[in-house]
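A, B, C and D label the chains in the order they appear, each numbered from 1.
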Amino acid sequence: MLEKLKEEVLAANLELAKRGLVNHTWGNVSGIDREKELIIIKPSGIPYSQLTIESLSVLDMDGNQIEGNLKPSSDAPTHLVIYKAFKEIGGIVHTHSPWATSWAQACKGIPPLGAAHAEYFYGNIPCTRKLNEREIKGQCEAETGKVIVETLSGINPLHMPAVLVSNHGPFTWGKTPMDAVNIADVLEAVAKIAYRTYALTPAIRPIDSNLLEKNFAKMHEDFKPSI
Amino acid sequence: MLEKLKEEVLAANLELAKRGLVNHTWGNVSGIDREKELIIIKPSGIPYSQLTIESLSVLDMDGNQIEGNLKPSSDAPTHLVIYKAFKEIGGIVHTHSPWATSWAQACKGIPPLGAAHAEYFYGNIPCTRKLNEREIKGQCEAETGKVIVETLSGINPLHMPAVLVSNHGPFTWGKTPMDAVNIADVLEAVAKIAYRTYALTPAIRPIDSNLLEKNFAKMHEDFKPSI
Amino acid sequence: MLEKLKEEVLAANLELAKRGLVNHTWGNVSGIDREKELIIIKPSGIPYSQLTIESLSVLDMDGNQIEGNLKPSSDAPTHLVIYKAFKEIGGIVHTHSPWATSWAQACKGIPPLGAAHAEYFYGNIPCTRKLNEREIKGQCEAETGKVIVETLSGINPLHMPAVLVSNHGPFTWGKTPMDAVNIADVLEAVAKIAYRTYALTPAIRPIDSNLLEKNFAKMHEDFKPSI
Amino acid sequence: MLEKLKEEVLAANLELAKRGLVNHTWGNVSGIDREKELIIIKPSGIPYSQLTIESLSVLDMDGNQIEGNLKPSSDAPTHLVIYKAFKEIGGIVHTHSPWATSWAQACKGIPPLGAAHAEYFYGNIPCTRKLNEREIKGQCEAETGKVIVETLSGINPLHMPAVLVSNHGPFTWGKTPMDAVNIADVLEAVAKIAYRTYALTPAIRPIDSNLLEKNFAKMHEDFKPSI
């Protein structure tokens, strides 16, 4: 069942490790079959070098495990909440990649400062509000999903395919699991360059909205700029 | 047609990726045949690992595609404007290399702070002014070329073989495509060391003009220092 | 004698080098046989590429060399003091890994700023007080061990498996030598991200104690959060 | 002639490139035969990948080329001045390694902030004063050597085996060419960690002189601490 999607999810997880975005057993990639309403996700605590098709976990939209002998990633409830809210997406990535995580720990979004940012992210990459005590002590991972959805409220998730979870790290998404890996990789580069830009010019302002639109439209044929 | 130049442009594009100056499909190298008035440039959206002689785009000086089945790089109009203005040069490189791009996003030129800079760049590596609304909404890539030429006004482009496009990233050039790649690589090192120099001594001043001349002359036999 | 532990200590030393946490002959890993009361440690001044089972030093708890023709690491007295105080641990690592050493040289502990930290370290990773003149001029390495134990006073060493020795560098530990290497690797990542977090938001506060507990408990089944 | 020393100088130059301390044709290693009063140095403008025994330049102490068809490194006059002043040394390295060069461009010495520094450098790694106009316009490379010697005045060069030339980069030395390469490598790590230490604690003070002595003595058996 879901053999093609399993291969995609496996390949995306391996690519995440290959690009140096994850260490140890950290991070995870998932993919969704919208028709069958099932997601496939990396198992918990398994090094990337030992991942196989068989080791992947298949879950229904309530989080019940349908296939796989290993425990799914503890972040699975976050993925499920995001998939339910963002119908347009087919893959999600979570990492602790160091540059993006630095912004997340600093509780700051990343403003658009250049063309590289503007081609992938239409505006400020937002950082979530902090979870409150009830949310932390409750279903923390599902609450993380909810605060991500709250943060993206009113935004097309394919126009802002990343979020920074405050005191934690980034989540990214895309039409496919591999698209979400690509976004995670671009986000890390954007976060690095933005950090250094602020160090050089602390009072730097976000780029002109016309330049943002022009660059974003170049890479997103469906996007209609206001001009 | 232009087989030798095609090989040079292909080799220079591959070298750009090998030196870690570009990721994904970002960046591009072009070369020009001054006699035939044709340029060769990387196609748009092709990963460096898939580049071949056949995939390269050949354009005339008005931007008409003469050879190649793929769309030329969207930066081709910038390259064309630069080639028309700087008759001395034979190759151009554009990257989003992270250190140089940080300066470009910070809208700051890089002052000469040491011998490594002075051997390759005769003075401050300039940053362009920002494009205005008309320029952004119009032929943005050609306008980028024009503002580059405006910024280098009165300067020998072989004595200042790089520019930072504000809110975007660096362009470099040289007598050949591979020379332009070498300059892009040196620029990235110079941008990194300058960033850290300012962090250590925020009030640091550019080097003495005599030292600038001495070092630049050492690497440029045609250069006549004022001494 | 102690063949299995020797293999573990050798493998852990090689892994330390493989992960880029040590250069030259710097750093060392040791392991302890609690029953026989013997420790095994890297010899002094030997490059990691030349380490063999035979080259390892076996010491009793008074520091007498029981096996091995080479001089044991000059840090052996520090290891011995730590093993005597922390009965729960089976392996110790010392490195000059650059990010953690920067905090140690800055004489600052690393506060918990995110989930990555909280999963491994239950609170602030402490920095020792400076050694006084008597301690430096006396048995400096043993005194370093004593000040580490003093710093961890009242703390479960498996809940805080790392310390920064001021003006020096990090020591980490775990149930096994390889666990201690893993902690050294995580510490380096945590130190890097914390450095950049402070650069982005100098006034950042440690994470909420509930979030600290929740994340730590997720990775430590024996840990009982207060909630 | 000098076959053994040529092999040492070649190996040291190749090691310099292998450790990532030099790019392009930058940097150089030399060695001296004190009996024959001849030095061997890397030729100018040759990539490290093309270096051979035959390509090396042999010079007498007045800088006359005795062997080799290629132009010797333009830094040879600096090396000669240093060899004449520091009779104890047998090899010299010059690089533009990025961390050490950042301190040199910032015109700042590197104070001893930790054990890693103290084991190799007995105190502040000094930065030279700037060259004046007469020195720059005259024999700039020989004047660089003189200002290095002036900076080390009264210091045992084997106790302070490195200097930062202001607005330029580091020179290091040792008993052999390979020792000088090792020092260049340690210097780069020390410069990196010191940079970050200051970023974390701008008011940090150099380490206690007792700790400096203790650590330096550990690695230098001939050194007699004052205690």
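The rule we apply is simple: a contact is a pair of C-beta atoms (placed from the backbone, for glycine too) under 8 Å apart; a residue touches a chain by one contact, two chains touch by 3 or more.
Note that the structure is a prediction, hence the values are computed from the model and not measured.
Listed by label, the chains touching chain B and chain D alike form an empty list.
Looking at which positions face the partner, chain C and chain D present mostly different ones, since fewer than half of the interface numbers are shared. Between chain A and chain C the CA-based rotation angle works out to 90°, given as a multiple of 5. Averaging Cα atoms per chain gives one point for each, and the point farthest from that of chain D is the centre of A.
Between chain A and chain B the centroid-to-centroid distance comes to 33 Å (mean Cα coordinates, whole Å). Separating the centre of chain A from that of chain D, both taken as means of CA atoms, is a distance of 47 Å. Counting only residues that touch two or more partner chains, chain B has 199.
If the chains shown are joined wherever they touch, the resulting network closes on itself as one ring, and no chain has more or fewer than two partners. Interfaces, counted as pairs of touching chains, are A-B, A-C, B-D, C-D.
Chain D meets chain C in the complex at residues 113-116, 182, 185-186, 189, 192-194, 196-197, 199-201, 204, 207-208, 210-211, 214, 218, 227. Interface residues of chain C facing chain D in the complex, by the touch rule stated above, are 23-24, 26, 74, 96, 98-99, 101-108, 130-131, 133, 136-137, 140, 167-169, 195, 198-199.
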